[in-house]
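Read through the structures below before going on.
The same subunit A turns up in both complexes below, where it pairs with subunit B and then with subunit C.
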Partner chain A sequence: MRSSLSDRTGAALLMAPLLLFLVLAYAWPFLGVVKWSFTLPTPGLGQYDALLTDDLVQSVFVRTLRIAAIVTIVSVAAAYAITLIWVRGTPAQRLIAEFCILVPFWISVLTRAFGWVALLSNRGLINTWLQAIGFISEPLTLVRNEFGVIVGMTHFLIPFAVFPLASAMRSLDDRVLLAARGLGSSRMRTFWSVFVPMTRSGIIGSALIVFVFSLGFFVTPAILGGGRSVMVAELIYLRIFQSPDWGLGAAISVVLVLFVGALMALLFRYIRPKQLV
Partner chain B sequence: MQQPGRAAEIKANGIGKSFGSFRALDNLTLDIGRGEFLTLLGPSGSGKTTFLMILAGFVQPTEGRLFSDGTDITDRPAEQRAAGMVFQGYALFPHMSVEQNIAFPLKVRKKSAAEIKKRVGEMIERVGLVGHEKKLPAQLSGGQQQRVALARALVFEPGVLLLDEPFSALDKSLRGQMQAEMKRLHQETGTTFVFVTHDQSEALALSSRVAIFNHGKLLQVGAPDEVYDRPANRFVAEFLGEINMLPLKGVRRADNGATGLCEDRAVSLRGNPGSVGGNAILAIRPEYMSIAGEASAGENGVAATATNSTYLGAATRLDLTTRQGAKVTVSVPNEVAAAALSKGNSVWLTWPAEKGFLLPDGGQ
Partner chain C sequence: MPTYRPGPISLVIAAFVALFLLMPLLAVIPVSLTPSRMLAMPTGELSLRHYRTLIEDPRWIDSILLSIRIGVVSSAFSTVLALCFSLGVWMFQPRFTAALVGFVLLPMVVPPVVSAITLYFLLTSISGFSSFFGYDTWLGVAMAHSVMTVPFATVLMLVSLSQLDRRIDLAARGLGATVWERATRVIMPNIKFGIITAALLSFVLSWEEIGVTLFITSVNAITLPRLMWMGLRDNIDPAIAALSVILIIITVLVLAVRSFIVRLRAV
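== the complex of A and B ==
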C-alpha cells in the first residue's frame, strides 16, 4: 500500500492522455455552450428566464424526471433479483445470470430499441400473440408512448444497476446472516431486516447510476416514444437542430449538466468509485 | 433449546458429517449436561466447529441424531432451535445500534415494546455497556463488540449458548478479562454453555468439562484436571500441555498401580494403569518433576544431563537428556537450574508416583 511521490507522478502521467482528451473534447466545447446560453440570441439571462416560463420545456423536464424515477425503481428492483442469483445462486444459476447480465452489452442501443418496437408495436409479436390466444381483441398501445420508453430504458439500464449491487452483496459477511437465523429470525425476515439494509450502499449507488443515465437518454426515447414522449436530451436536439433556438438549447444543456453533476457528487459521497465495478 | 430461561440438556448420538470425501466428524456420541460449561478443544480441522454448527442447526449431520431435553431436533432448522450463538468476529448487525442488535432476537419473537425495552436495558447493564446504547458496532472496541454479541445471544434466555472461538480477535489482557466475564455470565444465567477453542489454557481455565477433538474424532471428555492429569492418549497428553515421555519396560500391575523399569531403575505409578504389560511410555508433566543430587531408595527417578537452559524470569526452563537419550524438559527455580548446570552430568530427575501415567508404546 505504498504511495510514494514517484508512484503518484506515474499515475498522473498514465491518466494524462485521457484527461487531456476529456478537456479538449468535452470541457472546452461545453464552455462554448455555456457562452451561447448567455449570449444567444441576445446577451443576458433571457434564456434562463424562458426556461422558467416555457410550458413545453417544463413539461419535458417533469416527464424526464418522472420517467427516470420509474425506470430507476424498476431497474434497481429487477437488478437486485438478478444480482442475488448471480452472487448467491447455485453454480448453474450464476452462469445463467452472468450470461443475462453480459449479453446486452454486446448489442447496440439502436438494435435493442428497434427490437422492442418489433415486440411491442400494434402488429408486433406481443399484440399478435395476445390476440391469437384471444386474451385481447384490440391491440394494446405498448409503444410510441411513455410505457414503451420505460420498457426500453429499463431493459438497457438493468445491467448497469447490477454492478454496485453485486459489489455490496459480495462484501457482506455470511456469518451475520447465520447469526440472524441463529437468533430466531426466519429466512424472509433475515432478508428484509438484515440482508437488504446491509446492501444499502449498493442500492443507493445503483439507483443514482440508473437515474443519471436516464436523464440523458436520447436514442431509446426518440425511437420508442415516437415523438410523443420527448425527454430532455431530445428536446435539446430539437432546439438546436430543428428550430434555430441555440440559446434555449444551450441553457437546457447547462441546467442538465449542473443537475447531473450534483447527483454525481451525491453518488460519490455514498460510495467509493471501486464499488461501482 | 426451546424453553426460555431453562438450561438445555443435549444428547448427540452417533453424529457424523462428511463433506464429499472429507470426514469432518465421525461417530460422535456426547451428553452435554444441564447448565454445564463444556469446551470443545482441538486443532483446526479437528471437527469441533463442525459439531458446534450441527448443534446450532447451520450444518446438517450426515448420520446420527441430536436431542435437546429428550426431543429429537436433528431436522429442526436453526431459527427454530434458537440456540444463542456468538460467532468468531462477533457477526453483529453493522446497520443497527447496540440497542437494536440486542433487541433483535426479542423483536423476531414478537415481544411487546415494553418487555423489549426492559430486557435490553437489563442486559446492557449486565454486560457493562451503559452509555453505548445508540452506537453502531463500528464505533465500539473489540471488547465492547464482544459484549454486544454476548448480550444479543443471551437476551432471549436460550437453553444453550454456543460460542465459536469468541476471543480469538482480542489481545491477551482483554482476553483474560472477557474470560472472567463469561464465567460470571455462565454462573448468573445458569445456561448450558458450549464453547469452541483451540487454546488449551483457555479450555482448562473456563470449563466444567473439556472435550478434545482430533481428525473428526472425539478423543476424550472429562473435567479439566482429569484430562490434564490422566489423558487417554498421547495426542490429548501433548495437546493439553508440555509432557515428558520416558520409555518403560517390563510393565506389570502392582499394589494400587503398576511398576516398570525406567532406564534400568524400578519406578512405580498410582492409579489405574489401564491395559498393562510389556513396554509402554511413562508420561509426566514437567511441573511435577524436580531435580535432586541423588534419588533416594524407592523414589522414582532417572539420571540426566542438563543440555540447555532458558531463563523465564520466575523460573528457568531446563532441557535435559537421560543416559539412554530421552529428552526431558523441566521448569525449576533459578538457583536449582544454576546448580544443575554447574554439576555437569550428574543430576537426578524425580517425581511422585501419583503424577506419572502410562501411554501405549508408540503412536497414539
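== the complex of A and C ==
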C-alpha cells in the first residue's frame, strides 16, 4: 500500500483519540499504582518484602492458586461435555445446549452469584428440600466457605471455557474419525485416542483462560465466600478500603499483573489469538 | 453434517452440566415470590411485593436510571473511539498495528481488580481538581466504564471490518472519494451491523459492571449492580430476586429474538 503523507496523517487522526484516551486513563494511572507499591507507606521495597513474609498474604495466595486449579479442572471438563453436544449433537440437542451456554453467559455475575446464594444458603432451596424429605436435620453449610466459592466460580466460567473448545471441535476433520472407526477402533477408543488429542489446543486455551480469570476473580468469591474464603482480588479490595494499606494492595496488584502476563505469554506460544474465538 | 455423533454417556454428562448451568437461574424464581421480608422459600401463599418494591422504592428507580445514563454515555463514547481507531487500522494499515491493537485490548485481559485499582487511582487524582468529574461521580463512572468496554467494541469492529471486501474501498478511492467519503459512505454502511453490536455490547457491559464500579463509587453514584451488591452483602433482600427474574426474562427474550433473526438471515 502506498504511504503518502495524507495517509499517515489520516491514520494518526483516526487512531489518536482512543490511544490518547487509554494512555491518560489507563497506562498513566497504572504507573501511579506501581509507584504506590514502592512509596506507600515508606519508600522502598518494604511492600514486596511483606508479600514474601506475611502469613496472611501467603495463605491468600495459596488459597487462590488452589481454588483456581480446582475450578479450572472442573470447568474445562464440564465445558467439554456440553460443547461436544453443542458442536456435534442433533439439531435439537444443539439448540438446547446453545441455550444452556448462552443464557448464563449473558446474565450478570451478581444475578448468578445471587442464584447460588438462593440455592445453597441455610434457608435456601437445597437445605429446605433436604430437610423437608427428612434427609438431614440441621442445614448443611454450603455457602460462605470454599465450596460455595468453587461452585459459583465454576458456574461463571464454564461458558468462557466453551468457546475455545467449540472452535477446536469445529475445525476437526471428520475423515480422521471415520478412518479410526474404519480401522476397527471402538467408539470409546476413537474418542479418547483420536478426538480428545486432536482438540488439545482448545483444551489448553480454555484451561488457561479459566485459570487466568479465576486468579483475578472478585465478585463471586466475595459474595459466596462471605469474607471467610478471601482470594487475592478481595484482599486487594480490603487493603484499599478497609485497612487502608494502599502500598500493599498496589504491590499485590503488580505481582498479579506480572503473573497473569507470564501466563498469557505462555498461552500465545501454544495458540494463535485467532484460534481463541 | 458431523458423521460422529455423541453417544449416550456424553449426553448424560452434558445433561448434568446443562442442569448445573440453569439451576441458579431457576432458583431465583420461587425466592422472588416469597411473602417474607427475608430470603426464604415461599411456604404456601405467593406474593408480588418484591416486584412492587422495585417500582415503588426510589432507591431502585434512581439506580436503574443512573445505570441507563452511564451505559448510554459510556457506550456512545467507546463506540465512537473504537470505530475511529478500527477505521484507521483498516484503511491505512499503519506500522506497529499489532502492538497498538494489543495496547488497546489491555483492559480486557488485565485482571479486572487491577483495572479497578488503576481507575481508582485515576479518579481520586482527578477529584483533587474537579468535584463533578472524579471519584464517586456519574461522569467518572462513565469514563471508567468506557475504558473497560472499549476493547470489546474494538474487537467487534475489527472482526466486522475483516469480513469486508477491500475492493469496494479501492473502487471508491479510484473514483476519487476522499478519506471522509470512503469512511462514511462506503465502509461504515457496510459494517453497520458490527457498529450496532459494539454499541449494544458496550451498553450491556456497562449496565452490569460491578468489579470496577465498587472501587470508584461510595455514596453518590449508586448504579444498579452497586445497589444489588449492597443488598447481597448485608442482609439479603428478596427484591434482588425479583430484579434477577426480570433481568433473566429480558436476556432470554433478547437471545430468542436474536436467534430468530440469525435464522431469518440464513434462509
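By definition in this document, the second predicted complex is superposed on the first by the 253 of 277 C-alpha atoms of A that agree within 3 Å, B and C clash if a C-alpha of one lies under 4 Å from a C-alpha of the other, contacts with A are read in each partner's own complex, and residues count from 1 in each chain.
Here is the rule we go by: contacts are C-beta pairs under 8 Å (C-beta built on N, C-alpha and C of every residue); 3 or more make two chains touch, one makes a residue touch a chain.
Here the structure is a predicted model, which is why all the values come from computation and not from measurement.
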Fit or clash between subunit C and subunit B when superposed on subunit A: fit
Message: In this superposition, which partner touches a larger number of subunit A residues, subunit B or subunit C?
response: C
Field: Which superposed partner A:L178 touches (first subunit B, second subunit C, both, neither)
entry: both
Field: First (subunit B), second (subunit C), both or neither touched by A:R63
entry: neither
Message: Once chain A of both complexes is superposed, is A:V33 in touch with subunit B (first), subunit C (second), both, or neither?
response: second
Query: Should A:S186 be classified as contacting the first partner (subunit B), the second (subunit C), both, or neither?
result: first
Task: Pick one for A:M198: touches subunit B only (first), subunit C only (second), both, or neither.
output: first
First, second, both or neither for A:R144, with subunit B first and subunit C second: neither
Statement: After fitting on chain A, the minimum C-alpha spacing between subunit B and subunit C in angstrom comes out at 9
Query: Can you list the residues of subunit A that meet both subunit B and subunit C?
result: 178, 187
- prompt: How about subunit A: which of its residues touch subunit B in the complex?
  reply: 173, 175-176, 178-187, 189, 193-194, 197-198, 200
Query: What residues on subunit A touch subunit C, complex-wise?
result: 1, 6-8, 10-15, 17-19, 21-22, 25-30, 32-33, 36, 78-79, 81-82, 84-85, 87-90, 93, 96-104, 106-119, 121, 123-125, 128, 155, 158-159, 174, 177-178, 187, 190, 195, 212, 215-216, 218-219, 222-223, 232-233, 236-237, 240-241, 249-250, 253, 256-257, 260, 264, 277
For the subunit B and subunit A complex, residues of the former touching the latter: 56-58, 77-80, 82-85, 87-89, 91-95, 104-105, 108-109, 152-153, 156, 162
Message: Touching residues of subunit C toward subunit A in the complex: what are they?
response: 2-7, 10-11, 13-14, 16-18, 20-25, 27-28, 30-31, 38-41, 81-82, 84-85, 87-89, 91-94, 100, 103-104, 106-107, 109-122, 125, 143-144, 146-147, 150, 154, 159, 179, 204, 208, 210-211, 214-215, 225, 228-229, 232-233, 236, 240-241, 244, 247-248, 251-252, 254-255, 259
